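Okay, so here's the structure we're looking at.
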Amino acid sequence: MSMAPPLLKVEGLSKSYGGVHAVRSVSFELRAGEILALIGPNGAGKSTCFDMLNGQNTPDSGRITLLGVETVGRKPRAVWRLGVGRTFQITATFPTMTVRENVQVALVSYGRQLFNIWGSTASYAREEAGRLLDLVGMGAYAERPCGELAYGDLKRLELAIALANQPKLLLMDEPTAGMAPRERIELMRLTARIAREQSIGVLFTEHDMDVVFEHADRILVLNRGSLIAEGSPAEVRGNPQVRAIYLGEGLVYDARHREGAGA
Amino acid sequence: MAFYFVQFLTGLASAASLFLVASGLSIIFGVTRIVNFAHGAFYMLGAYVAFTLTERFSGAFGFWGGIVVAALVVAVVGVLVEMVLLRRIYHAPELFQLLATFGLTLMVQDIVVLIWGPDDLLGRRAPGFKGAVEFFGQNIPSYDLFLIALSPVVLGGLWLLFQRTRWGILVRAATQDRDMVAALGVNQKWLFTSVFALGVFLAALGGALQIPRDAVHHALDLRIIVDVFVVVVIGGLGSIIGAFVAAVLVSELNAFGILIFPKISIILVFLVMAVVLIVRPWGLFGRPEAAARRTPGLTVNPWRPLTSGERMLSLGALAVAAMLPLFAGNYALTVGSEIAIFVIFAASLHFLMSVGGLASFGHAAYFGLGAYGVAFLAKAAGLPMIVSLLLGPLLGLLGAAVFGFFAVQLSGVYFAMLTLAFAQIVWSIAFQWVAVTGGDNGILGVWPDKWAAGPASFYWLSLGVAALAVTVLRIIVFSPFGFALRATRDSPLRSEAIGINGKRVQWTAFVISGTVAGIGGALFAYLKGSVFPDSLGISLSVDALVMVLLGGVETVSGAVIGAIVFKAANIWLVSQTDLSKLVLGGFIVLMVVAFPKGIVGTLEAIRNRWRPSETKKSALATSRVEVAE
Amino acid sequence: MQRRHFLGAALAIAVAGMAGNAMAQSGEIKIGEINSYSLLPAFTEPYRKGWQLAVEEINATGGINGKKLVVISKDDGGKPADAQTAANELVSSESVAMLTGTFLSNIGLAVSDFANQKKVFFLAAEPLTDAITWSKGNRYTFRLRPSNYMQAAMLVEEAAKLPAKRWATIAPNYEYGQSAVAVFKKLMSEKRPDIQWVDEQWPPQGKIDAGPVVQAVAAANPEAILNVTFGADLVKLVREGNTRGLFKNRAVVSFLTGEPEYLDPLKEETPEGWIVTGYPWYDIKTPDHDKFLKAYQAKYNDYPRLGSIVGYQTIKAAAAILAKANSTDPEKLIAATEGLSMPSPFGEITFRKIDHQSTLGAYVGKTALKDGKGVMVDSVYRKGGDYLPSDAEVEKMRPKE
């Protein structure tokens, strides 16, 4: 691994709600071009972590440094301006616009044209929007109303929106939830390719362990708010503590297909 | 000391009726999400029916029986209204129910006069509670003591009902999460009906209990409805204890406020509400609303700029309109000018509501400020018309900038109520500050300069400005800013995540909308030659809402048609009949049931049906969306 | 999608229907009448009956110089802007010879300003505001009913005789209430420099919270109270005041309360001994009034209210003006009206040249309870002409033409 400074540095991140520790002293680093998975059972604190990373939630303590800039206390829109794209567990798009317009809005924002009341949005960055849509395989759907899209397509659209500000870091909260198995693989391959080509760091959470183990460079395992394991897929797979948690949850990861009905 | 104690008790007695009515409204809103404008009408009906019953059946039994039976009778009326009218429109866009209940209110105002006659009626005093109790030289009406005791009893009864019965638990669950109750397999229809019946019963009871201390008359509804809205909002929507505390708070502040500022009553509740909403945006006992559901019925067809054919058609229509002076008389032209001005006003609200997703209940404030701006400039500064017309709307802009800043911090009904509060505050100032505004006698003699004085020239001016305003607003809709605004409306989460400062975008939209409304108001001042506080009033704000909803809130420019139809119908009806409220109310109710998407929305739906290829596609897509979710 | 192209089309359709026929049938004289029929039916219904009776009488006796009198009546919904629309329709589409009517002061002013701008003759029936003949007076506007100032002056005459020195006021918080209090205070203090104003209450019009208001006034412990509230507010105030003993051992002077419109709803709760202006139709024994009363009761099987008198006399006055002018030209109408005297159920009245105010007066008396109903007793008719300021003062107030 290169010795360049990390893209994202998280130190001692904590958050509690009424005495319950949702996230407890979590620290990790993420490098440009690296794909990092954050896994853990339901309620482990993954979403809270995500929300703190893009500014939707404020940690009780800890530091988040993105490209050398401290982001705690900044609003999501300010974090976005630092170069962070985000997709949501439940897709958040603009249902009354066309697919292309969804991306164009993000481009308008990136081009700082939000308060331009006289221009035409239809012609604004039309090609760039088309390029992003082509990139995620949505080029053919550009003129479709977003409200009509199937769920998997919405996920891909979200990815296109998240890429509009030429991000350094992508935060993807369960990017493949609700998709068919083949779609999942396709989407993650696509994400991985884009990340490597553009040297974007990716942090994602995921329930589908096939996706995690196939695409992640490194994995963080969160349980009850604390980081209990960190390492390469092979290391994490071999970690007995991780196995215990997942078995205890009634979930089997790497051996799911082989053991099948045992789950 | 005794005096202050008695004043306190007097405040509590005033709070009692307010609480009864407010709790009913709060319960209905909590479960059905209906802003029931007709709540005041049910209150008034309760008083009228109780009057008839207590006059007919004398004695203690006759009186108290009459009160309770009156409330029950009105509750039955409420059930009928819910089953026949509201059930049909639960899935219509938000606020459509408000429009329907507003239409109902208009009808009831005329109906009570038809049934009970126009005179103020004096109900009986309550047997056993006719006199006063002396307390250290102060007299406390014994009926006040009865009311003071009654409201905690009702509060306790409601608490038991909601905590200890299965029905009550379902209602609470529904208040928190409507979809969950539907998932539990509860018959939602009857839950809604029974909740509505209970709410109406409480309103009617509140009205019936007023007959020993008030006069029964046909303006009772408007007297209470706004105050009740305010109380519910201060307390927190859906919270009964909140309604109670807010009713007491408002009544006590009034009781003691008038000792220091005798003129405060008129503005007090709105000041309290504005302060509460700014400090605690969800009311004293309310909870932040769950992430807004996607507006039901929100159009799936994205908006598109006009095709060149449509543009030609619009220009053609405008040309036809511009030829009106060739064949119409002075009156028709003046009516035409008035309609054009209301097109401007409605379009400004429509921009805020439909593009911004912000339903303002006090939009008349900016219209009226524009009008007053012109009046000040023309009368006080003596500026020529063209200068006043250009500068007058700046007062609307200024008002929108100040109030909008606070209002956009809120959303949904709370936004609506804060805008209402601001509008009422401005209205009260215009109404009371006689030295500057002339009070309700207004500012007279704001007539156009010679070049615009003729009906035809003024009509052309109004038409031109209206066309310009609608065009400019459309350009903004399709501008980058318009998309940012729609993005904020569609998904606050996503728009924030792509760097959009939603509040600032909405604030800007508010200012644009307020300025355009001010332009309408400026023209209105010259059309009428005078300005009155009416032009800032609630009824004008409601008119604008009706125009927008009538036209179709999901359309780009539906308000244009809504304004033309509503204003023309209104002027014609007022001219033709004294029962204009009955007819207009009936018309609105029919429109809501027959065309829940509004006139333009319905036309678009029909047009889309004629395009078979698209229909198939969207039907397919709809099923896909359902599967996915 | 854009629907601007509907703007023109719908506009054209909407207004085409309203163009109406502007052609007056020959042999007819049209008068346009505007009032708040839907907002204030309690006051405007008797008013309407009054003017309808007048129309019938006029046409039964040959109309106006042989022409039939037609009154076209419009509702204003209580809104000045709508009143102007109605005025415009009457003038532009119906070609009426003059405008009459209006109840609320602000509507009266709006129509008066319209009349001034469009050069149309306007005979205001009921609005009380002093502004309509004085500070905002204009040459096209005349007013029938005794103004705020006149009513105040009549009441002050009685009030000044009271021994009371500590006074409190209760008035609705809008222009009418404010100017009624201001005029009363001014005239009263001129006559009785020794009195003190110890409290004032300004409940919102139509929305009085009577309990706290009554308490607050009682706390100031005045010897006398001036009341300007009316209608439903008055009912609430009286009920609370009675229960709490506010009016016990206190003199009360009250604007308009003796008018049946306001007195009758009080029924058995009518407070006794209030000094009021009003209309004791049951006590007036003049031939002029007898004739009116008989005709009214025969036609409607109901007793008249003050509104009936005003409505009746408005149209009678309009007919007299039109007959004298023998023209519908506004300038001739003005010339005919200035100084014109005519009979009325209250006796002869004159439209003053100096400020266009009629000298119609009002009855001043005391309230009493009779058979469970409120009545006025010891009533005396006060001629309006006796309660107006000097010509010099009037000229100062009225804008120069």
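A, B and C label the chains in the order they appear, each numbered from 1.
Quick note on the criterion: a residue touches a chain if its C-beta (ideal position, glycine included) is under 8 Å from a C-beta of that chain, and two chains touch if they have at least 3 such contacts.
Keep in mind it's a predicted model, so treat the numbers as computed, not measured.
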### Query
Relative to chain A, which chain has the most distant C-alpha mean position?
C
#### Entry: Chain whose averaged C-alpha position falls nearest the assembly-wide average
B
### Pair sharing more residue contacts (C-beta pairs) when B-C is set against A-B
B-C
### Task
For chain A and chain C, let me know how many angstrom lie between their CA-based centres, rounded off.
74
### Query
Using mean CA coordinates as chain centres, what's the chain B-chain C distance in Å?
32
## Note on the structure
Distance between the CA centroids of chain A and chain B (whole Å) is 43
### In chain B, residues with contacts to at least two other chains
303, 305
### Message
Which stretch or stretches of chain B touch chain C in the complex?
### Response
3, 6-7, 10-11, 13-14, 110, 113, 118-122, 130-132, 138-141, 143-144, 212-215, 217-220, 223, 227, 251, 254-255, 258-259, 262-263, 265-266, 303-306, 310-311, 313-322, 324, 328-336, 338-340, 343, 431-432, 434, 438-442, 444-445, 447, 455, 466-467, 470-471, 474, 524, 528-530, 532, 534-535, 539, 551, 555-558, 560-561, 564-565, 568, 571-572, 574-575, 577-581, 600, 603-604
### chain C to chain B touching residues, read off their complex
1-12, 14-20, 22, 37-39, 41-42, 45, 74-77, 79-82, 84-86, 88-89, 91-93, 105-106, 109-110, 112-114, 116-117, 129, 131, 136, 173-176, 178, 199-204, 206-207, 209-213, 215-216, 218-219, 231-232, 235-236, 239-240, 243-245, 264-267, 269
### Query
Where on chain A is chain B touching in the complex?
54, 56, 75-77, 80-81, 86, 88, 92-98, 101, 104-106, 108-110, 113-122, 124, 145-152, 154, 161, 164-165, 178
### chain A-touching residues of chain B, taken from the complex the two chains share
294, 298-303, 305, 475-476, 478-484, 486-487, 490-491, 493-501, 505, 508, 512, 617-618, 621-622, 624-625, 628-629
